[in-house]
Every structure is written in C-alpha cells, then in structure tokens.
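In the two complexes below, chain A is the common chain; its partner is chain B in one and chain C in the other.
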Partner chain A sequence: MDVFSSMISRKFRNIAGERYEEIMNFYREFLLSEEEMHVPEVSSILMPIDGSVHVIPEKVYRLLSAYEGVSILLLYVIDMNVLRIVEGTLGKMEAEIFKGKELKRADEFLRAVEVKLSGFRISLRTEVIIGHKGDDVVRRAREHDMIIVSKKYGSEGARSLRISPLVFRIVHSIAKPVVVY
Partner chain B sequence: MRILVLVDGSKWSQKAALHAFDVAKRKGGKAKVVLYSVLDRREARAIAFHLGVRRDSVDEIVKFEERIWEETKRSVKEVMSVLLSAAAEEGINCSMKIVEGPAVDSIVREANSGYDLVVMGAFGKSGKGHIGSLLEDIVGSIEPPVMIVR
Partner chain C sequence: MNPQSVAAVVVFLAVYSLIITEKVHRTVAAMTGASVLLLTGIVPWSSAKGYIDLDTILLLAGMMVVVNVARDSGMFEYVAIKTAKLAGGSPIKVLLLFSGVTAVVSAFLDNVTTVLLLTPMLIYITRRMGVDPVPFLLSEVFASNIGGTATLIGDPPNIMIGSAAKLSFNDFVENMAPIALITLGVTIALIFLFYRHSFRSSSGGSVMLIDEREAIKDPALLKKSLAVLSFVIFAFFFHDLLGIEPAAVALIGASILLLWSGIPPEKALGKVEWATLFFFGGLFVLVGGLVQTGVIDRLASIVTSNVHSEAQAIVMISGFSAAASAVVDNIPFTATMIPLIKAMGAQFNTYPLWWALSLGACLGGNGTAIGASANVVVLGIAYREGIRITFKDFLKVGLVVMVSTVGVGTLLLLIRYGGLI
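For the complex of A and B:
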C-alpha cells in the first residue's frame, strides 16, 4: 500500500504546488500525514459477540475471506452486571441456572460460526467471558488490528435503537478500523 | 465483491479509500471499488447566505454561492481523480460516482443497491470531532457492513 500512499502524497503536492508547505503549516489537521497514509497490516481481528447478536451476515464472511492468514478471536461476552442482578434479586441458584443457559447459548453460537469459518485460511480462537461488554472489548481491542461488531451488540436494553450505544462507545474509543454489521 | 467508499474530500475519506483499496487488493481481481460522493447544494447556499449577507446586492450573493458550489465540485473531483489514478496504478477495478442531493438519503439508497462493504471515514471535512449523527444515520439504515476508518 505504500505505492498508493507515496503516489497520493505526490499528487496532492502537485495540486497545491508551491503553496504546499505553507498550506501544510496552517492546515495540517486537514491533510494526511505520511504516517496516516500507511494502511496498517491486519494480522489479528477481534469479533465481540453477545446474546443480542443472532446471526453474522454472509457479507461479513465475504469480507473475512479477504484476510487470509489472519487470526480471529470470537469473544462472547456475558454481562457480569446482569448476572449480579439475577443473583441479587432471585438468588444464587437462579443465577447459576441463568449462567448455564447463557453459556450454552454462547457455545452453540460460537460453534455455528466456527463451522462457517472452517474452510477459511485463518487461525480461529473462541473465548467466552463473563465481564463488561464495553470495557472488556475496548481493553481487548488493544491486542488486535481490526474490530468487527454487530450494530446490535450490547443492545438488550434498547432493542429499538438502530445502533447500540455500546457500539458507538467502541467506535469512539478504538483508534483502529471498526467494521459494524 | 463490490465496495462503496464514501468520499467527501476530507482526509478521513481519503484514508477510507486506501483501506478499501487494501481490501480490493486482498480479493485479487474479484473486487470492484466505487468512490461515491454526494454534493449538497444547500451547503453552498448556507455558506453564501451567512458569509455573503453583507454584500451589496442579492446578485453578488448568488454569484458568491455559485463560486462556492463550483469550487466544491472541483475539489471533490480532484480528490476523486487522484484516488482513481492511484487505484488504476495498482490494477484495482475502480470507478467514481458524484451525485447531487441530500447526503444521507443518497448514500443510503446507493449503499443498499447491492454492495458487500461500505468504507467511510469516522470524521468529515470539519475535522476530528464527535463521531455523530451521520454515522448513526448511515450505519443504522444500510444493509452491508460498514468499515469505519480513523
């Protein structure tokens, strides 16, 4: 991609002509820096999933097929706060039953995705955590180059919204490409 | 694979195009990239009115509006043509489409017309700020996945 970058840089210089340096000094924030022109290598993708995500569309698999050799982490997050609320209101036994159901759902979903991705030349890992759907994803995203997330992720309490507020938070907090499906 | 890139001329939309080219290259010859720009005449009208209201005559304000509009079109075309030649040099199948009208409606209609991926910058021409309503309007209303580039 460096070929693109240097060419684009050169062409923009041509458009600006002799004024290039002066323009750069005054309006630097509007111009792509050399660093920004570089498309970072994608070797690792994080895909957070939760109970709000019912299906991963075919078009996402088609995109993933472009990233041969990449490692993908399917991270299924079960909300720790919900478990606490269930335990606090209905008791420990009900909380265990709830947790069991969630873990079973996570396992089934992840297995279905694994089957879909089985023919891809990628390295796939799955993980189920009980944690915070926002904080944990933002933290784990540091270890990855791209995030692919459903617009419904974390939307249990706000199903009518077109995009979950949590997805907005993820897009805001992570300075890496985020694919929203 | 058909990839739509939303280009408003900003550096983030240029970055979006680079990311789209990267995906296209990864797909070999199987991808087609469309650089898409929507120009809204109302923006030029608003700028002309607010900045030109103290001019001597309405005629002058109208001329000022026309100049802003022509410059807007020229600037987007320039950015598009630079991106097009960059794509051509890398052997990427790429074309451009410039339409006039309200941005969100046009983008949603185009994006829902059979693309596999939409790529857009997180911010617009006014620079880095809040990721806001445009993103919600677009991502919330279209069917293909959207890659948001920062």
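For the complex of A and C:
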C-alpha cells in the first residue's frame, strides 16, 4: 500500500468511524449479494390467470417493471371440463351462457391489467383459451423463461386452500423460475 | 517576530502537518496544539473562550442531532434506492441523477453523511449495470463538494464564514447557489468527456426488484423527521427576517425532533460527532494563537500591500484557498483565513472576499484525494468494495475539475463584484 493509500485509509477510519459499517449492515438486509446478483436471463414471461384470480397485487407490477423490454403473455384459461359438466347437466344453452359470462369476465380482467401495464416498457399479449388449466400452462411454459402465477390459480373448487394444488403441480412440472403471488 | 509569535506558528504548522498526514487523529492533533498554547500562556484562557466560535459548533451539533435521528428512519436509504430506480438502466441517467441528488442533499446536510449513504447504493447499481463505477464515484465526490458550496449549512467552511461574517442563509443562496449550479454542470460535462466510453448502454433492470419501502425502518419517525427537516430548512431561509441565528434554528429543530420522536436523548446525543466538534474547538484556539500574537495582522498587512483592488483580492483568495484546500483540510484552512480577511477589512469591502473564500475552500477540496472529507470517504468505501482509485487517478481528473470550477466561479464573482463587465 503506497503512502497515499495508507493516508486515505487512516483518514477514512477517523472520519467515517463506525458509521460506514452501520450503514452497510443496513443495506445488506435488503440488497443482493454478489452471488445473488446472477439473475437468470428473462425475455418472456407467462402469466396464467383464471376465474379464481381476482386481483394482481401491486408487488407483481413492481416486479414486472424490473424486466424492461420483456414480452409478457397474459393467458386467461377457462376450464374445458367445467364447460363440459355444465353442458352435460344443464344443457347446451346454459353452457353457452356460462361461456359468454366467462369470456366477458376474461376480457374485462385482461383489459384492466393491460391498462395497469400500459406505462411499462414491455411487449404485452393477451390470450383467452378454453382448455386444461394445468396441462396447458405446463405446455405453454416451455416457450417462456419465467412463470408468474397466483396461489389461487385453479382453486375455484377449493377456495379455502392457502395454495392451490394446481399451482403445486405447475411448480413441480416445469424447470423454469416460477413466482407465486 | 517575537518568541511567542514563533511558538504560535510552530505549534500551528506542527498541527497542520499532523492533520495532513493523519498520523494522529485530527481532533487529538488540534486539541493537543490548543493545550500547548493554553499551557504556555500564548493564548490566555480568558481570550480562548472568545476565540471559540460557539455559533459554528452549536449549528453543527444541532444539525448532527437532526440528521442522525432522521437517518434512523431509513429516509436516506429510501432516497438512494429511489434515485437508482428512477435512473433505471441508463448510465447517463445514473450519472445525472446521482450527481444532482448528491449535490442537493449535500447543500442541506453534511457531505460525509451524504456520501456515506449514497456511495454503497451507487456502487451497487453500477455493478448491476456492469459499468465502470469510477466516473460515477468521482462525479458523486465532486457533486457533494459543489453542493456543499451552495448554502450556509452545506459545508463546515460556509458555517464558519457565515458565523464570522454574519452572513445569512439567503446571502449564501443568492451568491453561492448559482455558482454551484453552473459549476456542477461544468463538472458533469468534464466527467462525461473524461470517461465517455464508460457510458455505454446497459441494463440495471434488476435494481427495480428492490422495494425502496423496505428501507423505511420507522414510518412514524420518517414523517416526523421529514416535517422537522422541512421546518429547519424553511426557518434557515427566513432566519434573518425572524431575527434567529442559524445555530438557534438547528438547536430548535433538534429539540422539536427529540420531543416529538420520544427518542432517548442519550441515544440521539450519542450520535453527535463529538470528535468533530472538539476538532473545531481546538482549531479555533490554534488560530486564536496566531491572532493573539499578531501573526495574522502581519500577514494581512503583507497581503494588502501587494493587492490593490477587490478584483485582485477575489482572484488571490479564491486561487490560494483552492490550492491550499486541495492539500490541507478546508476546515483548519478556513479557520486561518477568516481572521486574515477580517483584518483586510480596513482596506477592502470584505463582502465579496467571503464568497471567494467559500468558493476556494469548498471547491478546492475537489483537487486531490485528500482535499475534502467526502473524497476520503468515497475512496475508502470504494477500496473496501474492491474498487481501486489511486491518488494519481483522482488527481488527473480532480485537478482539472478544481481549476475549471474555481475558474468559472471566480469569473462569476468578478463579473458581479469585480467590475469585470
């Protein structure tokens, strides 16, 4: 260490004292370490949604704002099996009414999310499908780098559960980062 | 010179050299020097009390209480993270925003606290962006010293000058803030020219993952601190009209915050940097020794016999102060210059000379790595984080910034007070 470096070091110790350590300890509580900084590259995100998801919390929007330039697919899934049951028990007309209501809800929900994401520098696509809430998401996840899903997704039949079994299945079935909110 | 004058000068120079090298803590050096002067009777105790500027010491103490209590709320970390997030992944935005925020915060709080809080965040964000942190750190140092120039409470030399010359907060805002603003622009432009290849576009996106609200440790304290800080700054602007001294404003703010927050006084006062306050006390006695023995008067007569106009005096004081402050801590330097300028009052209107001193003492600190406390703190943090900025690296940019900013500032003073135009 040259003469100036040791002088700066002495002066730093005398001027900053313990305040530097105090501040660094505080920062360490919520800043990522060197190791944690290596975040996987994410260029596309899949966000499955269904009738069990009533709101996307603010923290999810804040998370999305971190991924500038990413492409996001909001995939609204209407359960094909439920439609079949309605059709089989109540008839085709009731099934059509049910489907219409679900499509209307999907449209309104996706529009609201689109408005919230309008200021973000991302490429956003929306899609409504009638299919299998688990299998279709697992299949479509292969085309994306990350999945963001509500813990209530697919829990229409079991609303009292803290986390939907379908979400467990999705997390176990795909080898991609999954954020559960 | 009589033996007493020689002894006062020897003690003074010995303390100065200890302060420069920091072989002994600067507070210990100043207190020891002051003790020698008191023991030998060069400065009698009855006179020493008059030399110690309580206005300066109490203003510093009051602000230390306010800032350190506010710091516990997490307010400044919140500002640092918010700034990083506002800048997103653009290196130019990071440079501009961090320099701007550092300058503004430094104008109202002490520079060391400002850079202690902002530097870790700046290093963090530049690492996330994968860019060279050096230009950003240097810019932060310069911005801190420049921001401190803008107000009465921005930098200790200004507090000392304001107290000695009875200049108000608004006098500083009127005279020094425009210079600070222009020189900040000059500095950022210079940094950009020096390091233009370091500002390639990159991604700092993952910084957006940090929730700045997590930084707020005590929301109630944050609100109270913000209210009191706003009151203190507001009161500084009007202290002249209200007939309240700046030191009283700071102490009133500290009292309100202690009363309102309910923080035990032992805890709040424990964070007052007593070492700095005693450093000031020691310095005032040391410089008092030079006044007492007539050394300052003799120096003033030499200066005034060689300087024939206020314009010349402005150039000489700003230039000499800058050069000296680049090497010596600007606090002892300003303490020495104050009685000298007061003594020059017999021949010149000293009003513009105080601004020349403030300009040189504050911006001169940008010249070298040891010129100001903020430089040492940023370089020290960088070193601990594995970023090496050597004395020579700093000197190459610092000298250019110092000469340019002091040059521009002096020119502005000459236009305003020297009859240049």
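To be clear about the criterion, the second predicted complex is superposed on the first by the 141 of 181 C-alpha atoms of A that agree within 3 Å, B and C clash if a C-alpha of one lies under 4 Å from a C-alpha of the other, contacts with A are read in each partner's own complex, and residues count from 1 in each chain.
To be clear about the criterion, a residue touches a chain if its C-beta (ideal position, glycine included) is under 8 Å from a C-beta of that chain, and two chains touch if they have at least 3 such contacts.
Since the model is a prediction, treat every value here as computed from it, not as a measurement.
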Partner chain(s) touched by A:Ile130 [first = chain B, second = chain C, both, neither]: neither
Which superposed partner A:Phe168 touches (first chain B, second chain C, both, neither): first
Contacts of A:Arg19 with chain B and chain C, given as first, second, both or neither: second
Which superposed partner A:Phe30 touches (first chain B, second chain C, both, neither): both
First (chain B), second (chain C), both or neither touched by A:Lys151: first
Chain B versus chain C as contact partner of A:Leu83, first or second or both or neither: neither
Which superposed partner A:Ala66 touches (first chain B, second chain C, both, neither): both
Chain A residues contacted in one complex by chain B, in the other by chain C: 4-5, 7-8, 11-12, 15, 29-32, 37, 39, 59, 62-63, 65-68
In the complex with chain B, residue positions of chain A that touch it: 1, 3-5, 7-8, 11-12, 15, 29-32, 36-37, 39, 57, 59-60, 62-63, 65-68, 148, 151, 161-163, 168, 171-172, 175-181
Residues of chain A that touch chain C when the two form their complex: 2, 4-5, 7-17, 19-20, 23-24, 26-27, 29-32, 37, 39, 59, 62-63, 65-68
Chain A-facing residues of chain C, complex: 21-23, 25-26, 74, 77, 88-89, 112-113, 116-117, 120-121, 124, 127-128, 203, 205-211, 214-215, 217, 273, 275, 369-370, 373, 376-377, 379-381, 383-384, 390-391
Of all residues in chain B, those that touch chain A in their complex: 1, 10-11, 14-15, 18-19, 21-23, 25-27, 78, 82-83, 85-86, 89-90, 116-117, 122, 125, 127-128, 131, 135-136, 139-141, 144-150
